[in-house]
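Chains here go by letter, A, B, C and D, matching the order in which they are written, and residues are numbered from 1 within each.
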Amino acid sequence: MILALLLIPVIAAVLSLIVRNDILRRIILIVTAISHTAITITAWSVEPSVLWNGWLMLDKPGLLFLTITSVLFLACSFYAFGYLAGEAKSKKQVFEEETFFTNAPEAIFCACVEGFLATMTLVTVSQHFGLLWVAMEATTLASAPLIYFHRHHRSLEATWKYLLICSVGIALALLGNFFMVIAATKPASEGTAIVLNALIGQGHNLNIQWLKAAFLFFLVGYGTKMGLAPLHTWLPDAHSEAPSVISALLSGALLNCAFLGILRCYQVCSAAGEAQFCQGLLVLFGLISIGWAAIFILGQADYKRMLAYSSVEHVGILALGVGIGAGATFGAMLHAVNHSIAKAMLFMTAGNIIAVYKTKTTKDVRGILSVAPITGVLWIAGFLAISGIPPFGIFVSEFTIAKAMIEQGRIGIAVAFLAILAVVFVGMSAAFLNMAQGPKNNDLQAKDRPAVAFTILPPIALGAIALMLGLYIPPVVNDLLHSVASVIGGY
Amino acid sequence: MMTILKFANPILGLVIAPFLLGVINRTKAVFAGRTGQPLLQPYYDIWKLLRKGAVYSRTTSWIFRAGPVLGLAVTLTAALLMPFGGIPAAIAFKGDLILFIYLFGLMRFFTVISAMDTGSSLEGMGASREVTFSAMSEPALLIGLAAIAKCTGYISLTQMFSSVVPELWLRSGPALVLAGVALLIVFLAENCRIPVDDPNTHLELTMIHEVMALDHGGPDFGFILYSAALKMWLLGQILIGIAVPIHTGNVWLDTPAAIAGMLLLAVVVGVIESSMARLRLLHVPQLLIGATTLSVLALVLR
Amino acid sequence: MNNAADIIMIFLVLTNLMLLGLSRLGACIRFVALQGVALGFLPLILNHWDMEVHLVIFSIVIISLKGIVFPWMLNRTLRELASQREVEPFIGYGISIIAGTITLVMCMWLSSRLPFPEPLMSPLIVPVAFFTIMSGLFLIISRKKALTQVLGYLVLENGIYAFGVALVGKQPMLVELGILLDIFVAVFVMGIAIFHINREFDHIDTDQLSRLRS
Amino acid sequence: MSLFLWGLAIIIIGGLASLFSGRKPGLATFLGSVSVVVGSVIAVVPAFKVLLTGSIESLQLNWSVPSGSFFIQIDPISALFLIPILGLTAVAAIYGAEYLWAYREKKNLGVPWFFYNLLLAGMMLVVVARNGLLFLVAWEIMSLASFFLVTFEYEKPMVRQAGWIYLIATHIGTAFLIVFFILLGRHAGSLDFDKVSEIPSSLASILFVLAVIGFGTKAGFMPFHVWLPYAHPAAPSHVSAVMSGVMIKTGVYGLVRALTLLGMPPVWWCWALIAIGAISGVLGVLFALAQHDLKRLLAYHSVENIGIITIGLGVGLLGINMNSPTLAILGFGGGLLHVINHAVFKGLLFLGAGAVLHSSGTGHIDLLGGLIKRMPVTAFTFLVGSIAISGLPPLNGFISEFLIYLGVFKNGFAGGFESIIPALVVIGSLALIGGLALACFTKAFGVIFLGEPRSNYAKQVHEVGFCMKSSMVILATLCVLLGICSPWVIKSAENVIFEITSIPLETIQTELAATSAVLMNIVIISLVLLGLTITFAVLRKLMLSTRGIRQVGTWDCGYAKPDARMQYTAASFAQPLTDLFKMFLRSLKKISPVKGIFPAQSAFHTDTSDISEKYMYQPLFSWVSSSFSRLRWLQQGRLQIYILYIALTLWILLIWKLM
């Protein structure tokens, strides 16, 4: 089953490169997504077999993040169908500049997206740290061409930054892997293979000093990929310059995958009795990220960048949740789900807005509600969802995290957390509401691209899920989240 | 007998109240060395007005006509709450002093809007001043009464005043004096006497109460004059209630004492009006705030 | 044979310091290539010139990649750049070298904090590997050109390689796979990116690559 | 309880149905308004039952959200708040059906009806929720629904700004509530309210402060009231009525509920509440006085009335603290009665303001005038509302203030010097509020409805239609009835007061019976007043019947060419008072004084912005945003710097953690 999960996208990627027909290629994309999701859902009831000496295994955290990735990919594939149909093949003008650009070939786009799925799937099923690292590196490779889909200066710059920063990060993570190996080395013996379960089993025999160093390198390395401030610097650029559907995947799926990398190391550290050490760092980085994001969200001029910074904020919350531990771990896991869904929905909606308004500048977009009502409603709903207003799911997860903080008596952190969230809310509300509600631009031409069902339905579906999770968490999901939380060290 | 006695105060008020105006005018005349109007002149005026026809501005509505009627009705109703001398009020209950004060608020509300109903800028100005000064005097009045309530331990007007006996003066004289002075100022302000208002000028820009009634005539104006007189009568009784601590329980002793006190009060007002000038409008609030301060002092004094 | 490992380590330190102080891009490329070649021999030295097949193949691959292919590719890119062949530093050469020295000391400290569980061939391996990594980072941070940044990345890569080969030999798949993949990123993907940058901007000063901000 | 849920279900389903039938305005209006009315009528039955019998109905279901449970309960306190919520919302729905009809061409009417129904559902849930999380969810649904209603006319920049400020304020308030509930739950071990007991006093004080800020933001305590003067004018009038009349009361509800959970109050809570009440009351009415926009004026009056309610609560709490049942019963009785009374008269006034706005097109007081002739019903009902809100007998507004006064007069001086100060504050501020409110409403009523039209807006008005008229008449009648029936109304408060104060029921009944007797006297006085008024009116009619009545122009001191613009304006009317309190108001004045012998033109203009906004929030916000923007160089676009961040982070961590 795991092999199927990995191979289907790979085969699809190869097919996409071979096939000449655009429509067929898009259908392949959708079929891939559907079959991937179908297998993932099957994996909920039937536990997939373990492969390669336990190097590949779908444990509970893996299943959670795989499901998020898969569901998002499904939504994105439908969206991409509509998106690719709407992208002109000819030269287009860059929004911010007077220059023109073309898109990368669609075949590359499809192949890379499918490859991206494969690599992210690999991340979620890897139990071996080295393999995990390879998968993580591969996600960078698969996604870099996607960010450079629109071939112009700005996206090139974003891609370059993404590549270099993430490569540096990932190189440090490799060093972290080496450290892990050393930590697991016992004098005059073979040492333990750096497979998760083996390490956890050996927990108290690990070399603590090297393990700490390994965690630091993992934290900095994968933290770069995950978008923890101040390592997140590639993130706003890449998210804002990539096609919106890719931004949705990057933000909703990739960041989670990187987070999984950190969580894996955290699991080992907990087993070695160093949970406190990791938690302190996670709390610190969580708070820095939220605060940093707040600084740039307030008065942000570009709405896609604002969404990107919001991702920084939310990964910060994830880190904070795990760092607080206890009940907050569950909150963090729930938050991962909620954030992915809400953020993907927002990026997709942002794509629809760009299609109509041809700009990413917040102040040039006014009156979406009157120009494109459904998009406008989605935009506002997404805003409410992402800023944690009930009855949307993020409220519940943030509440749970805040509750755990206060119950542990970490009042200062709780106050800072809520205060920064309030600032973020202030910043985002001003931008979102003016975009949705303001008077419509008179010189706006008739819609170039009618919002087709393919680009409207996925965000609607995601929005519905985001709403549902705030009012009702299905028991299966609840159980999974709880078991994930208990694996990671909360309850 | 008791039933009739219950309504003695409204009836006495209806009969005597305009006379107080006559006394004040006569006092002023004496001070000015004039003969002055007959003592009963206010009665003649009201009678004359009641028999007249009416002239209405085209701008006005039913509010304009309702104001004077309601004003008279309110003052008469308020008279039911006020004991006089040894005669208890027709209706007495705990907290009736609050209702008593707020009834005058209702009257003021209608006086003011009926003034505004004319659309005249002068009457609007008068209305504006009226509400300004009354907003300042209301706290003074309420706190002053609260001080007396605290001294006497009662919160019904009837019980409150019947327990103001010389012993109380001996016990909490300073508080009563302070409250009394505060109430006197309120009395002057509420009844539009010098130093707050000058009922005799006929320069519209300087008046407060009179200017609000500029457009009223005939029976309506008669009602206004009558209710103004009654109001003075009633508010005067608060002062008399404190200042004349003769509450023996014998109606035939207490009531004449109270009436004498009222007449004395009228003379005092006359004297004040003759010896003082009207304050600049800007200084009136200071006076009223001063009154409030006195009331507060009276309340906090032990 | 400990001396051979020590010599390579010393050589690494010296090349790193040279790289920090060099002004010509061409020379930098050559030094990075030299580092690569020296490191290529490291697995063999550490295994006492024990000619296992996979070790030999690994060494040959590394040497040919680091010593021949990359320099050739980088040189070709350099030739395509018409004008500037200077490194163009943000931080001057002299200061760079001083900073390098300080970094070296700090790396020494760091390695003292991380005692290796087993006796090592050369006590210099851990600090020098760290130092190489940090030098790579320093090059990326302190130089303007995109090409220099790739070079810096390669140096960083060399450091990791040294660390991996020297210390983690027990899990060979991990080290080799990791290193090959990293190299792949460094050269092919970044090479492609530089190619695009060159085409789009007509030069590879990353000055121009700072429009996306705040 | 099942009836309550049925009502709730009808309201929600009606809202959804209305949303989906948005393309047919008639159908949407019908579905929205009728479901509100029907649902309210059904749901109010259990509320009355609980209020009168004192029995408690509850329902507890599992909810799959962490630490949440669907625990709802109608107890007398909930019932007391439910009744005005349901009543006013239903009446306003009737009004809204006609009011919104004017927008049928421009807007999808399904949307506002959906949110209107949702607002009602949210408020209903808030007052019955007994679980912290459920409460917060309901609270935010309520806030959100009202936000969308406020921004109904979102094309207007003013409306957008108002909506924004409202959203921010309510969100920040909610943040305090989140902390409040979590801390409460932390102590109790569960977020269900019934688990709370025996809170240690230091925690209780923290919780009290949190509750005052959190709930006070919704209720509109000074200085957390900043959103009110923006949101109320921006919303459609029936929504303003609901928001001002009952939605902000959910803040009062929350505070009362919190007080019942927190146990024995220390004396400083009572002082704090009285102080907050006095400040809100006096400053609220002062700012109201300085306003030129009718709905903004009314919004500030909401602050004032919330102040009066809070004074009542403070007095009641003082009663508990001093162990004086009289004070407790009368304080809470007055405060809570004022909740209902304010709902009625403020609802009425907003509906009246809406009628004015609807037919004239402007809410600017100084552009109106003389509306009483063309809009007699609106004028009359507005007059009733004005008298009620000024707290004048015999209408309902007086009764509740009277109860507070009565409590303080009866028992406020008993506790020596310490109790005289709060008593003094209560009496003084209530008296001042009363006087100022009178000034304010004589101004509003006088300038809008009386005199001559000041502009073309005022000339073209017409009376509103049946729905709007009838809902205003209903509320006006209620103002009178609540005044006249107060002896009986106050008796129904016994269960509520018992629930809050835990004073023995017999004591409460005795005290309320005594109070009822007092109120009976007031009713008698009122009837006497009515009789005398009728008598004098008849007398006057008789006197004038035989005599000549002439119609002329208003006396103008002989001025040659009078003009409607020469009338006294609202700004001038309020000027003496605003000048007097200029220390607090800080109005901006623009005067171009009269110059020369033949002055051509002169002008006088005032503009009063909110002090707490101007001197507290704006500086804070601009400080935050400027200090944030100073940090934005952190992300300045250079790759090298970004890598530097990574290297530095790594080094710092290594040094710090491995040292």
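Points to keep in mind about this one:
As a working rule, a contact is a pair of C-beta atoms (placed from the backbone, for glycine too) under 8 Å apart; a residue touches a chain by one contact, two chains touch by 3 or more.
All figures in this text were calculated on a predicted structure; none of them were measured in a lab.
For the pairs C-D and A-D, the count of C-beta pairs in contact is higher at A-D.
Between the Cα centres of chain C and chain D there is a gap of 70 Å.
For this pair, chain A with chain D, the centres built from the Cα atoms lie 44 Å apart. With centres set at the average Cα position, the gap from chain B to chain D is 35 Å.
The geometric centre of chain A is 31 Å away from that of chain C, both derived from CA atoms. Shared interface positions of chain D, i.e. residues touching 2 or more other chains, are given as 632, 635, 639, 643, 646, 654, 658. Those residues of chain C in touch with two or more other chains are numbered 113-114, 137, 140, 149, 206, 209-212, 214. Shared contact sites, meaning residues of chain A that touch two or more other chains, fall at 160-161, 164, 168, 209, 213, 236, 296. Viewed as a network of touching protein chains, the structure does not reduce to a path, ring, star or complete graph.
Residues 369-370, 372-373, 383, 386-387, 390-393, 398, 402, 405-406, 409-410, 413, 417, 420-421, 423-424, 427-428, 430-432, 434-436, 438-439, 441-443, 445-447, 450-452, 514, 517-518, 521-522, 524-525, 528-529, 532-533, 535-537, 540, 543-544, 547-557, 564, 566-568, 572-577, 580 of chain D are the ones that touch chain B when the two sit in their complex.
Of all residues in chain A, only 160-161, 164-165, 168-169, 172, 209, 212-213, 216-217, 219-220, 224, 230-231, 233-234, 236, 277, 281, 292, 294-296, 298-299, 327, 330-331, 334, 367, 369-370, 384, 387, 389-391, 395-396, 399-400, 402-403, 406-407, 414-415, 418-419, 421-423, 425-426, 429-430, 433-434, 437-439, 470-475, 478 touch chain D in the complex they form.
Chain C meets chain A in the complex at residues 113-118, 133, 137, 140, 146, 149, 153, 156-157, 160, 163-164, 167-168, 170-171, 173-175, 177-178, 181-182, 184-186, 189-190, 193, 196-197, 200-201, 206, 209-212, 214. Residues of chain A that touch chain C in their complex: 130, 133-134, 137-138, 140-141, 144, 148, 151-154, 156-161, 163-164, 167-168, 170-171, 174-175, 177-178, 181-182, 185-188, 190-191, 193-194, 207, 209-210, 213, 236-237, 240-241, 296, 300. Residues of chain D touching chain A in their complex: 63-68, 133, 136-137, 140-141, 144, 151, 154-155, 157, 160, 163-164, 167-168, 171-172, 175, 178-179, 182-183, 185-186, 621, 624-625, 628-629, 631-632, 634-635, 639, 642-643, 645-646, 649-650, 653-654, 657-658.
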